[in-house]
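Each chain carries a letter (A, B, C and D) given by its place in the written order, and its residues are counted from 1.
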Amino acid sequence: MDTAQKRRFIRPCTFVWLLLMLLTVTTYLIGEAGLGGIAVMLAVLGTAVVKVQMVANYFMGLRRTRWLWRGIVLGWLLLVTGLITIAYLTAIK
Amino acid sequence: MSETFTKAMARNIFYGGAVFFFLLFLALTFDTIQTLPKRDHRENITDSVVRGKHIWETRNCVGCHTILGEGAYFAPELGNVYKRRGGEFIKGWIKSQPTGAPGRRQMPQFNLTDQQLDDVVEFLKWTSEIDTNKWPPNIEG
Amino acid sequence: MQFKSQAVAKPYFIAAIALFAGQILFGLIMGFQYVVGDFLFPLIPFNVARMVHTNLLIVWILFGFMGAAYYLIPEEAETELFSPKLAILMFWIFLVAGALTIVGYLTVPYATLAAMTGNDMLATMGREFLEQPLPTKIGIVIVALAFLFNISMTVLKGRKTSISLVLLLGLWGLAIFFLFSFYNPSNLVLDKYFWWWTVHLWVEGVWELILGAMLAFVLIKITGVDREVIEKWLYVIIAMTLITGIIGTGHHYFWIGTPEYWQWFGSVFSALEPIPFFMMTVFAFNMVNRRRREHPNKAATLWALGTGVMAFLGAGVWGFLHTLAPVNFYTHGSQITAAHGHMAFYGAYVMVNLTMISYAMPMLRGRSANSPSAQVLEMWSFWLMTVSIVFITLFLTAAGILQIWLQRMGETPMSFMAAQDQIMLFYWLREAAGFVFLLGLVLYIWSFFKKGEVQTVA
Amino acid sequence: MTTDTTTPDEILATPPGDLAIWFFIFAELLAFGVFFVAYAFARARHVALFNESQQQLDITSGAINTLVLITSSYFMVRAVAAIKQGLSRECARWIVAAIGLGGVFLAIKLAEFHDKFSAGISLSTNTFYMFYLSLTIFHFMHVILGMVILAAVMLKAKGGGYSAENHTGVETGASYWHMVDLLWIILFPLVYVIH
């Protein structure tokens, strides 16, 4: 891997790293403010989905692999967060 | 098969995973042992209860009955029999076996002394007081 | 057979099959006692028959494991067994101890047997599956240690393959976890907690390592697939087994006085326990499909594939059916448990032993495979036994569902015996299926005596 | 060991690292996934209890730990990039930094546990704390396991055991470490924030 390739490897990851930090701070502020409710729940969970996808695709390097591997992680993620959402919605009566 | 799938790595994961989960199991076991006194009321384990358990074992009761759901499924659950029937009924029942009713399941006669019968009842009474997370679902066991 | 000392496996296999036959006979007696309660009473009360049935099962499976190890280890280590004499001596000690124990169960009242054998000094008897008198238990430890010494020394002086390492690990684990059978506190909750360390960590832990190693060995031999590939998958499968199975012990800690969190740990991890069994099935079929040779022993291939499928169904699917705590609340200690136990034990441990015997026995008798006609007979026995165990499981499952419905649900639950009377039909059907199983077993034993044209080992 | 001649644009047949670690990763994802879902459904049955107990958690330390793990994960990306250029020493240094942040995570978490334990909280306190402690301790142990794996990789890297062509081991360790990070990214909002 030469320097140009290295830059193409690292640059997006650095960007992703900064974005992840930013999103974490957002989640933190929402938590500190004590916000709740469906919209907030969906926003925070949606943020987590985006963050996990970034970690999986960039840090773990799955964006360079066949769709199968990305599919497994994405499928897992959507299933888990989907069920969590359903559980939270059933709790609101 | 991919060439980046090595036996050495598979072996490391086997050893690592086994040790990791066994340690977790030990940690949970440690917590369980710490918590149990609140659930098993061990302060009520009298000498009589101890003797009763010994009789329970040496008559192989678990070969037909279940206790807290474990054992054979040929005869009724006895974890809660004290609550279901009471001590006097249990003693009378054991003494009157076998019924000899043709074609029915038979329980052997163990020729227990009155003291031994009391011990068995004490053991079953203590067992019925264990916090079993509300199992069995109803009094029939 | 490449090494002369592998021959010590033969008596172990013969004893295993003989005891297997005994186990089935007592199973049939118990099955009949389920429908005609006073059958053979007081000659053989149900509890005695059950003790004989389950103890014979354990002992013959141990015989099978030991025979398998004596056959497999020299071939894997590429050296003669450390001491064939010790192996034969241990065979007789184990057989005599086992036989005396069974005779003791059948001829002496259990309480007298306990008093005679020092149970008052160290009380270990009278707990499910661990009913053996103290001398028998000590005998098992001695035989196990001598056996482990023998095969460990063999591996140490020879080639160390992954298969023999996994097998050794499983067998050492078997011996170590058996030591918990000597711990019997008077607190029933503690007693049960550590009783499972022997029982669960055997059948859903270290025994699966033994099973995996035996299956991998036979698959290498009959398919000719590259050892690296098979051993790699062996590691992945047993890694999954222990990752899920160790914490999976928690599915026994729902209702015995242990803290509530076990309902979560037990449910989550044991729900994942079918995964390694599923992988094993896929693995077995995959390897057979990628075979590089046509082994003349078709029966052994059938048993190997059958092990994968039936272990998955019995241990995986039937285990999963009642492993989640909210379900287990109703099914715990019912005929559902019995259904699962029958198919899981047959599918995993009976079948893997029969796979090994099917592969090794012809070799031990100087041929690479039995005659085609003997194999046809053996394959008939495979289908008869396997199909009848499926039916036994289905009938017991039906009985269990009905039992739970009548006895544990609704406003006016029936008493235990009243519920039993209602499900008698399924017990009759189960007993009928049991006789078909016996027929399969008879054919199986007959197949060893069936003459015919055989290929001799070059 | 294999030779890596891929460029960043090539589509790989299998994910970075040894495929065996991915079986492990998927198994772990599954176990945690089931636990996350179980948490959510248990909460649905005891909403008030969960909301009340959740408020006693320290969101700040949870958030800091998220930042720590994300950064540590990023350091592992740098470690992989370094070894792809054949820079063993630089790779080892990035891994040391990643492990160091893992240590910071553990320290913060220990302080949090100490707080809870000295308040007399245990697995049997209530259903919320059962989940909080189970999930975080389970994850905590994964951080330790990840650090052990990274330490082994680091030592090998330092000794020149990897090269630009042959570095599957580094990618294997990195993949596992990213998974530990990934799980915390869900765990933190789920247990600390959402109500």
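Definition applied: contacts are C-beta pairs under 8 Å (C-beta built on N, C-alpha and C of every residue); 3 or more make two chains touch, one makes a residue touch a chain.
The structure presented is a predicted model; accordingly, all values stated were derived computationally and were not measured.
S.K.: Taking the mean of the CA coordinates per chain, how far is subunit A from subunit D in Å?
M.R.: Here the centre of subunit D sits 14 Å away from the centre of subunit A.
S.K.: Quick one: report the Å distance separating subunit B from subunit C, using the average Cα coordinate of each chain.
M.R.: The computed centroid separation for subunit B versus subunit C comes out at 23 Å.
S.K.: How many angstrom between the C-alpha centroids of subunit C and subunit A?
M.R.: Subunit A and subunit C have C-alpha centres separated by 46 Å.
S.K.: Per the centroid of Cα atoms for each chain, what is the distance between subunit A and subunit B, given in Å?
M.R.: Computed value for the inter-centroid distance: 47 Å.
S.K.: Could you check subunit A for residues that touch two or more other chains and list them?
M.R.: None at all.
S.K.: Mind pulling the subunit D residues that touch 2 or more other chains?
M.R.: 13-14, 20, 23-24, 30, 123-124
S.K.: Please list all residues of subunit C that touch 2 or more other chains.
M.R.: Residues 232, 235-236, 239, 243, 259-261, 265 of subunit C touch two or more partner chains.
S.K.: Viewed as a graph of touching chains, is the assembly arranged as a line, ring, star, complete set, or other?
M.R.: The chain contacts form none of line, ring, star or complete graph.
S.K.: Under the stated touch criterion, can you name all the chain pairs that qualify?
M.R.: Listed in label order, the chain pairs in contact are A-D, B-C, B-D, C-D.
S.K.: Under the definition above, what is the set of subunit B residues touching subunit C in their complex?
M.R.: The touching residues are 1, 5-7, 10-11, 13-14, 17-18, 21-22, 24-25, 28-29, 31-33, 35-36, 39-40, 42, 45, 49-50, 53-54, 56-64, 66-77, 98, 100-106, 108, 110, 126-127, 130-133, 135-141.
S.K.: Taking the complex as given, what residues does subunit D use to touch subunit C?
M.R.: Interface residues on subunit D, with respect to subunit C: 20, 23-24, 27, 30-31, 34-35, 38, 42, 123-124, 130-131, 134.
S.K.: Under the touch definition given earlier, write down the residues of subunit C that touch subunit B in their complex.
M.R.: Result: residues 30, 33-34, 36-38, 41-42, 45-48, 50-51, 110-111, 114-115, 119, 123, 125-128, 131, 162, 184, 186-190, 192-193, 228-229, 231-233, 235-236, 238-239, 242-243, 246-247, 249-250, 253-263, 265, 329-330, 332-335, 337-338, 407-409, 413-417, 419 of subunit C touch subunit B.
S.K.: Using the touch rule from the top, collect the residues of subunit A that touch subunit D in their complex.
M.R.: Touching subunit D: residues 1, 3, 5-6, 8-10, 13-14, 17, 20-21, 24-25, 27-28, 30-32, 34, 36, 40-41, 44-45, 47-48, 51-52, 55-56, 58-62, 64-66, 69, 72-73, 76, 79-81, 83-84, 87-88, 90-91 of subunit A.
S.K.: For a test of understanding, state which residues of subunit C touch subunit D in their complex under the given definition.
M.R.: My answer: residues 232, 235-236, 239-240, 243-244, 259-261, 264-265, 267-269, 271-272, 275.
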